Every structure is written in C-alpha cells, then in structure tokens.
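Two complexes come next, and they have one chain in common, chain A, joined by chain B in the first and chain C in the second.
After this line comes the complex of A and B, so read on.
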C-alpha cells in the first residue's frame, strides 16, 4: 500500500506532464518545419524523379528503376563514380593529414594565441566557395601566378598549361577546400583533452610521441574522422571545382548531375545520379561513425 | 613586517622553552635516522611568465627516504608549484632539483622516477581500469605477463579487484581515486607525489581514504610528498610538514612541533585556532599587550614582538589562580561546540578565545582566566592568515 502510494506521489501530475510535452512540441516545431520543407521534401522529390522517366524533355510518370539500371550499366558512369570516389578519398585524406596536425599544433603550442590562430585558418570559410576555387585558376592558369614566377626564374620559357585541368588540380583544390573543415573538427576534439592527461601520460613514463599515439590520437580520432567525412562528402558531390579547374580529365559525378538537369534536360537521370551521390555519402558517414565510436567520456 | 626567507629562519631565536628540535630548522641536513635525502630542492625559484611575484621563492627542501612529507598552505602559497617542479611539469626559474642525488632539473617528467596522483585523477578515459594501471609498465617496457601480475597485485592493495574491465566514467569518485593511486604505485617509484588527492571527495570518503593512504605508505615504504591546504590532513598524516605562505616555507617541522611551537604568526594562525597578541617589552621577562601585562618564561626577544596562545592552553575558573598569568575577565561570547565550549573573554581590553569544558559561564559574567608561561609561544610576525571570504 505504502509503496504504491509513494510511487503515485513520485509521478508527475498528469496535467503537468501533458503541458511539458506540448511545450516541447511547440519549441521543436520551427526546426521540424525547417527540416521538413528544406531538406526532406526536396529529397523526396529527387527520389520520385529518379524513379520516373524522361521522354524528350517531358516527364513520364511511370515507376521503375530504369534510370539506375542504365546508369550502372554505363561504362562512363562507372569510370566517373570510381574517379569521383578516388578524388574524394584522396582530397579528404590529404586534408586530414594537413588539418589534424595543424589543429594539434595550434591547440598545444599557440597558448593564448590559439583562438586567433584558429580564426585565421578558418577565414577562408567566409569567402565564397566560387571565389576560393577561382583563386586556384589565378594561381595555376597559363597567365597565372605560378607560371609567371617560373618564367621569371627562367625555369620555363613559355607558360605551361600543365598545372590546370587535371585530376591532380581537382584533388589539390578540393584538399584546400576541405582543410578548414578538418581543422575545425580536429580542433574541437583536441581542445577537449585536458592538459592533465598529457601530464599523467608523461608522468607514467611516456615520451610525447607515445603519449600522442596511446592517449591523444585514440581520444581525438573521432573528431579527425568527422572532419575527413565532411571533406569526403563535400568533394564527392562537388561540381564547381571540376568545372573550373578540372577540365575533361577532372570531370566528376557532380558535373554530370549539372549537365543532366541543365543542357541535357534529363531530370530523372540527373535525379538518379544525385540520389546515388547522396546514398554513397550517407553510407560513408554511417560506416565512419560506426567504426570510430568512442565509449570514453572526457571529464 | 617583512616575510622571512627560508635562509634567515635558520638563525632565528630559539623558542621560549628552548625545546625546538633540529628538524624545525628549514635546511635540515642530517636526518636523525640517517636516511638519505631522496628529493632535494636547492634554492629553487619559480616565476611564472607575466607574474611579478615568484610563485616559489628560493626554496630549500630535503625530503628523506620513506618519509610522509606534507606541503601545507593556503591556495597560492606555492605548494602545488613545488610539487610540479619535483614531478617535472614545471621548470624552475632558478635552482636545482635532485632526485636520489641526481640532478634532474632539466629532465622531462617521463625520465624521472616519480609518480603523481592528480587531484583530478587524470585517468585515461578510453582505457579500462586494468589498462590504465598497466600503462606505466607498458611505457617502461615491462613484459605483459609480469605486468599483469603486478597490476592485479596493486589493484588488490587499493581494494579495486573486480573492477578491471570498467572504464573510468563507470566508477565513482573514490574508486577513480583508488585507480589513480594504483597507477601511480604500479611502477614502484622512488617518490609518490600527491596533489590534493582527496580534494574532490566528500568528507566521509576523505576520512576513509586518509587511512588507506597512511596504511599504504607504511606498507610500501616509499616516500610520499603530499600537497594539501587542509591542516587536519597534514597533521594527521605527516612525519614532517612544511607550512608554505607566499612561495616561502614558514616552518618545517613535525606536526607536534608545528602545532605546539609555531615559529611565525602565520603558522600559528593557519594551523588550528590561536590568540595572536602584539606585545611590547615591559621588563625583561614581562610583556605588555595593550594594558594586559603577562609573565614570560624566557627573555623578551625584542622591544616589539608577537606571541601565540592556544585557546586550549587557557585555564578558566578557580584552577587558573595557580598560573603565573592570572586575570579576571568578562565573557563576551560563548559557543557550544558539543565536546567543549568556546568562550570569548575580554581581559584588560584584549579579547581572548578559550576552549574549555570546565566552565558554564554565561555571556556577561565575570570569569577568571590564566595560562602558564610555557604556553606563550613567541612567533615571528609574518601576517595573519585570513580564511577565504564567503562571497556570493
């Protein structure tokens, strides 16, 4: 009896509970509407389009997976998806190898200037993406900075076109684009490691190198991986960089999505490619977050 | 008055009864038991960048092997900085640090044979308890098999057997503290450094851990250097303790000596409660504080000096008539503390705190008080310790 009564008292009054649920719903509503209208609906449409057919520019509302079948049967698509994947992995990978150590350096060695240093590294994010990619054309183009420099040194006699329009150029540019994101994710993870863990490790007899590999890296790997994944997803769906600095050998999946929705006027096929990109990105993120889960809690 | 440096403490006047042991001298070179100095600080000074005052100033310290040594002081007194210089986390601005006779001043922590127990525990959050404890062994190249035996042995010592597979965040504060202790002990260091190891624990747990620590130190026999701001902890645990204030050692002695014969007004006020009286020399063996004139057991050291009188040294009621210093005062305040009463008695314009269970005197009543001349301890004036203010 007494136990039952105590239980009843411990519970919240029904009315109060209902009102708190109602309040939570109201508070969540704007975010839900936002996600629904701007994220969910367009993607549902994209999915629907990918399952419809194109007949000389008009949409035929028959449902099948013909777009996907022809896509995966096409050798051009196979080459492109492979190249896109490799470019995305390479640029995200190189960006991580630069961004993470950079973040480590800033967090550990810059002392009270670390916020300033971090801001300076993140400044490029304030500049339009298009501008940033275009800057590489100015650097690498035939009348660009690099050619001018090499010519003034007498290393080359006439401007070379070799720096622009290649897979390497695309990787380089996408790496440059991804670095701030990797940096930010790594920085956040590294900042959370309290100094006493470095001290404790050193106190236990570990050199700075061993401290890094047995304490710092295991605790910050998830951050580095998140940065890597952002870099990957950004690169995998990109069309601006390949179209500005890629040339023919730098064409990626994103470029042909643009083509299908634009000049080719085949929205269903474009949608099918877009869905493929989206699914690959999501799958990649899921895999990455699954394999880098961290059970630990940093105090 | 100027705070004394550790150097001129050596040449200071002997206390009134002349009974101060040699250990009270700051640079205690020879240990009575003949033990070697395992940690030696040789005029160590630390000035943090941007700071005007040194955190530690010209510190001379010798800690003997197997000793339970405490660094006691309020926050900002330099005790933690001292510990961090022994561990190697901070480099002294000047002076040398020696461990077992070897100069380690410029050695990084991982090349020193000391272990630290951090106030924040500093367990590696991604490692299981057993891996945390095995970590120092792994770093020192101890084999896996041999290491496992030592890990389970040390976990047993701190009563944490059965928790090997847990992660730090799955443990309570006291359990984490034990694991931290096990990790520090497993490599059998020469010296164990403890930085307010019980600071984050609640009172009951703290008392329990005090006993665990004390027993452990006796069993393993390694030198403990214990940093605390809690005078009770320091008195209960230490063989010797150094009371620090503003980067300097005010007194270095055994707990009894520090309590019974504080050498400075700061020490007298910081360790326990005391009555500090500013006096002038009346005659050679007489001191006057305000209009209160008292007899001394030894010659007054100067024309102006300060004495410390412990509340429990004050005898109240008729028994006080036998004492050389006997007065009649008036009770201005009374606190019931359970096992005794604390009385504030006004004697010749001076307010004295007395502790007694012999008197039932009420506020406003007259009361006879007295104290033996031997209970008057002359101290150097180094200021009075003020407990931290309770600000909202």
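After this line comes the complex of A and C, so read on.
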C-alpha cells in the first residue's frame, strides 16, 4: 500500500507536489468528519448522559455516578444482567455447537453441493429479522402450529402454553438468529484448509478424530470464535426477541433500556444501562480474543 | 472346527457390525442436518403459508386458502406509506453508502496516512455495536443538537452501518486488483477522473453492486436502530413492530412474504453477478477492442 502511495506521488508533476499536503487534507477530511461525528461524538454523548441525572423528566447536568450506583445496588438489575449474560452465552454457545459441525460437514462431505448448501443456510438472514422472531410466536403459541401438530398426533390432549414466553424460548430464538452467522464464520475458516493437510495427517496414521483435533480445530478455532462472538453481541443487546417471545421471565437488559427511553422516560438511567451493555460486550470480546489467539497459520 | 476359522468368522462379524454402525451413524448425521435446515426454514415457511390462510387467527387447522390478505395489503394506505417510506430510506442510504463507502475504500487502499488502522476500527464500529446502543447513542446526539426525528435521522442511522459494509466489501476487491492497469491509464494521458470512471470503477463494479444489494436489504429490514430514530412516520419494520403489539393482522405475513421474496430475488441477482454472468460481455468487448488496436 505504501508502494501504491509512493507511485501516486511519483506520478505527479513536480509543480503539484508542493500542494500534496493540502490535497491530502482535503482527501482525509470527509473521512475524519464521518468517524468523528457519527461514531465518536454519539458515544461520548451517551457516556455524558449516563453521568447526568433525571429529575422529573428534565435532565440535570450534574456529574456523578449515581445512575451506576443505583443500578448495581438494585437486585432487579443484578438478576437481569446475570440472566442476559447467561442467555447470550447459552444461545451463542448452542449456535456454535450446531453451526460449526454443520459447516464442517458441508465443507467436507457435500461435494459439489457445497456452495448451494452453504447459501441455503444464509438465505434466512435476508428474511426480515422481525418476521423471523415473530414467526416463532405463530409456531410455539398456545394455538400455534406446534401445539396443533402435537394434538393431531395425540401426544398432548390440550394445547400447552409452555412453549412460549420463557427463558428457553428466548434462548432458542436467539440461537436461531445466530446459527447463520456462526456457520458463515466457521465455513470461511474451514474452506481455507487445503485438502492435502487432511491427507498428510491421515498418511501419518492419524485417525479422522485425531486429524480434526490436532489439525483442523487449531486452524479454524478463530473462525468459530468470531461466529460465537457475533452471536453473543447480537443476543446481549437485543430487545426485539425478549419482548416478542420472552414474556416476563424472558426479560433482558435491552427490554429495560427500551422502557427507560419510552414510558419510564429516564434517559440518563437508560444511557447508563446501554453503557454497561457496551462495556460488558467489549470486555467479553477482548477476553475471548485474548484466550483464543491463533496458534498456527495456513501459509 | 479349528480355532483359526472361528476368529476369522468373528472378525467378519465384527466388521459387518462396524459397517452397520457407521451407516447408522451417517443416517443419524443426515437426519440432524435435515433438522437444522428445517429449523432455519420453519419461520419463513410458516409466515408464507399463513399469508394465504383465510382465518385472521394464526392457528391450525388451516382454514381455506385466500389471496385476501394480499388484497387487503394493497388497499391499506398506512402499510403502503410505510413500504414506500422504507424504500425511499433504503435507496437514499444505499446511494450515500455507495459514494462514501467506495471513497473510504479508495482512501484506505491508496492513501498512506497516520492512524489508518484506528480509522478503520472506528468506521467499522457501528457494524459491531449492538443496534440498540447505536440507536440511542445517535438519539441522544440528535436530541442534543435539536434535530427532530424523521427521514434525516433514520438515513444517518442506517448510513453508519451500510457505509462501512460497502467500504470493506469494495476494499476486499481493491486489494486483489492490479494497480498497473491504473498506471497504464494515467500513462496514456487519462486524468484521475477518467481513470476512475473507465478503469477503477469497472474493476470494482461487481463488488459494489453486491454490497449495495446487501446494504439495501439490511436497510429495508432494520428495526433496532430505526426504532429510536423514527419520527411519526416509521419504516415498514417499525410500523409492523407497532402492529405486532397492538392489533396484528395476517396482512403483515403478506407484506413480509413479498419483501422476503423480493430480497431473495436481489440475492439471486447479486450471486449471479458475482459468479460472473455480466463479466463476460465486457471481456468480450475488451478483447474485440484489443484485437482492433492490434490489427493495423
């Protein structure tokens, strides 16, 4: 890249070279304004809001960490943050346990149907998120498809309300949402492993099982981790899924942020929760990427 | 009977047993894979099926098939307004994303400057932050600047994540492009603008179109950010979000089925482009042009 830039400079007539600093500034300006105004400033404002106070609907500009103190002192918040964390870990984990082996099978066993099979996994991503979540309500609801099916088989005698509005439903729906992302990340990692690595390993006498754990997994683990991390972040900050299929026992942190910015009208407190979500997510990602650094590389 | 024949018999038995076990294992794996696909496709299929169900209650058994909800959809002015509003937002966002996204990609690829990796990380930020955090961080910014929520705020909100998407897809393509082509163009006396139009742009065209289609579907579909930034008139997902909570009708299923089908069509077009249907005619033209130059 440096070489390309060097060419760009060398190509210019000598007279223009003096103005290259000015030209560079003009080129960089939109980019700087963009990240400053649309990325940095909003997050700074969010942080500032979380340090201000709400007083009967008006915002008092006094600086303290009262919002955070009252949050972490509240038992409801503690329960919610724990639950949100567990739900996000569980759904991202299950999605990884489904998505990664599936990607492995598709890459290794599907032969010429490989690309088609992979595209078919990704297609649901382009169906509206809202609809994908809402459809689970149609499927799992008391008068839903699943109940109707089970009843017609005679497995249950009357419709069960147990399928919807629970933590399990939220985990299942978020797993559903995360699977294509985990699959995509794992698939791209697995696809880059050349066939001769498998052959070399098996020529050295390794069983397929051994080949997987000593060769394939160390090389593709980062892909699986990226997928897991995407799933985690998606789930951790979600409010659509808990409010559509979660009911009361499936309430997550996102749901109360929505409340603080809506009916409760306490923006500073909502901002504090949002900052907590952001910080937890970043911390988690940093930890995950620290513990799963790439050990080996395909040259 | 000698002991040798017994062991060979046993071994044969064991091998048969192992083979049966392996076949059984693969059948189980096959069933599991099928179940995953079923799991992934159940929601869209259920939605599409119920958009043709005449009963307004979303339940089995299926009443009789009808196009009634599609008919109702086309006669529902509010739904129509929401759909057209979403389309307007998506087109604007894709235009902004394409212009700035390509510009930023060229900047990252061609210009050496300090803090480039920081710039890339910050640019990508909105792609990876939870939608809710992105939404309210922009909301408090707009609120502090006294910008009332509406078309502008939604477009800005979507542009924050569509633009980096375009940037990184186009960047991927630029990295594998041949820089000598542009140098040749400049050496032949073409200015930077002409070189961009005739050499650089055709080189990244396919990646750019694919990125635009992807950005378009993302914008049409976005709810978590948009929810906080929409004014009185919401985009389709925001309008539907309201309906889902108060007064759902299967019209929503019909709308989603149409949009899902439309998205699918866009994706097929994008894939076809990437596979290279439209590369060939231009290559053929190129070859003809080269041949014409070489002949005299």
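To be clear about the criterion, the second predicted complex is superposed on the first by the 261 of 299 C-alpha atoms of A that agree within 3 Å, B and C clash if a C-alpha of one lies under 4 Å from a C-alpha of the other, contacts with A are read in each partner's own complex, and residues count from 1 in each chain.
One rule holds in what follows: a residue touches a chain if its C-beta (ideal position, glycine included) is under 8 Å from a C-beta of that chain, and two chains touch if they have at least 3 such contacts.
From a predicted model like this one, the values you see are computed outputs, not experimental measurements.
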Joint occupancy of chain A by chain B and chain C, clash or fit: fit
Partner chain(s) touched by A:181 [first = chain B, second = chain C, both, neither]: neither
Partner chain(s) touched by A:218 [first = chain B, second = chain C, both, neither]: first
Contacts of A:194 with chain B and chain C, given as first, second, both or neither: first
First (chain B), second (chain C), both or neither touched by A:123: second
Vertex chain A, arms to chain B and chain C (CA centres, degrees, nearest 10): 70
Chain B versus chain C, judged by how many residues of chain A each one touches: C
Overlay on shared chain A, then closest C-alpha pair between chain B and chain C (Å): 13
Partner chain A, residues of chain C touching it in the complex: 29, 33, 36-37, 39-44, 46-47, 50, 57-61, 100, 103-104, 107, 109-113, 119, 122-123, 125-126, 128-134, 136-141, 144, 156, 159-160, 163, 179, 183, 186, 217, 220-221, 223-224, 228, 237, 240-241, 244, 252, 256, 259-260, 263-264, 266-267, 271
Chain A - residues contacting chain C, complex: 1-2, 4-5, 7-8, 11, 24, 27-28, 30-32, 34-35, 38-43, 45-46, 49, 98, 102, 105, 119-121, 123-124, 126-132, 134-139, 141, 143-145, 147-149, 152, 176, 179-180, 233-234, 236-240, 244, 254, 257-258, 261, 267, 270-271, 274, 277-278, 281
Chain A partner contacts - residues on chain B that touch it in the complex: 87-89, 108-110, 114-116, 118, 120, 122-126, 135-136, 139-140, 167-169, 183-184, 187
Complex contacts: residues of chain A adjacent to chain B: 194, 196-197, 199-207, 210, 214-215, 218-219, 294-299
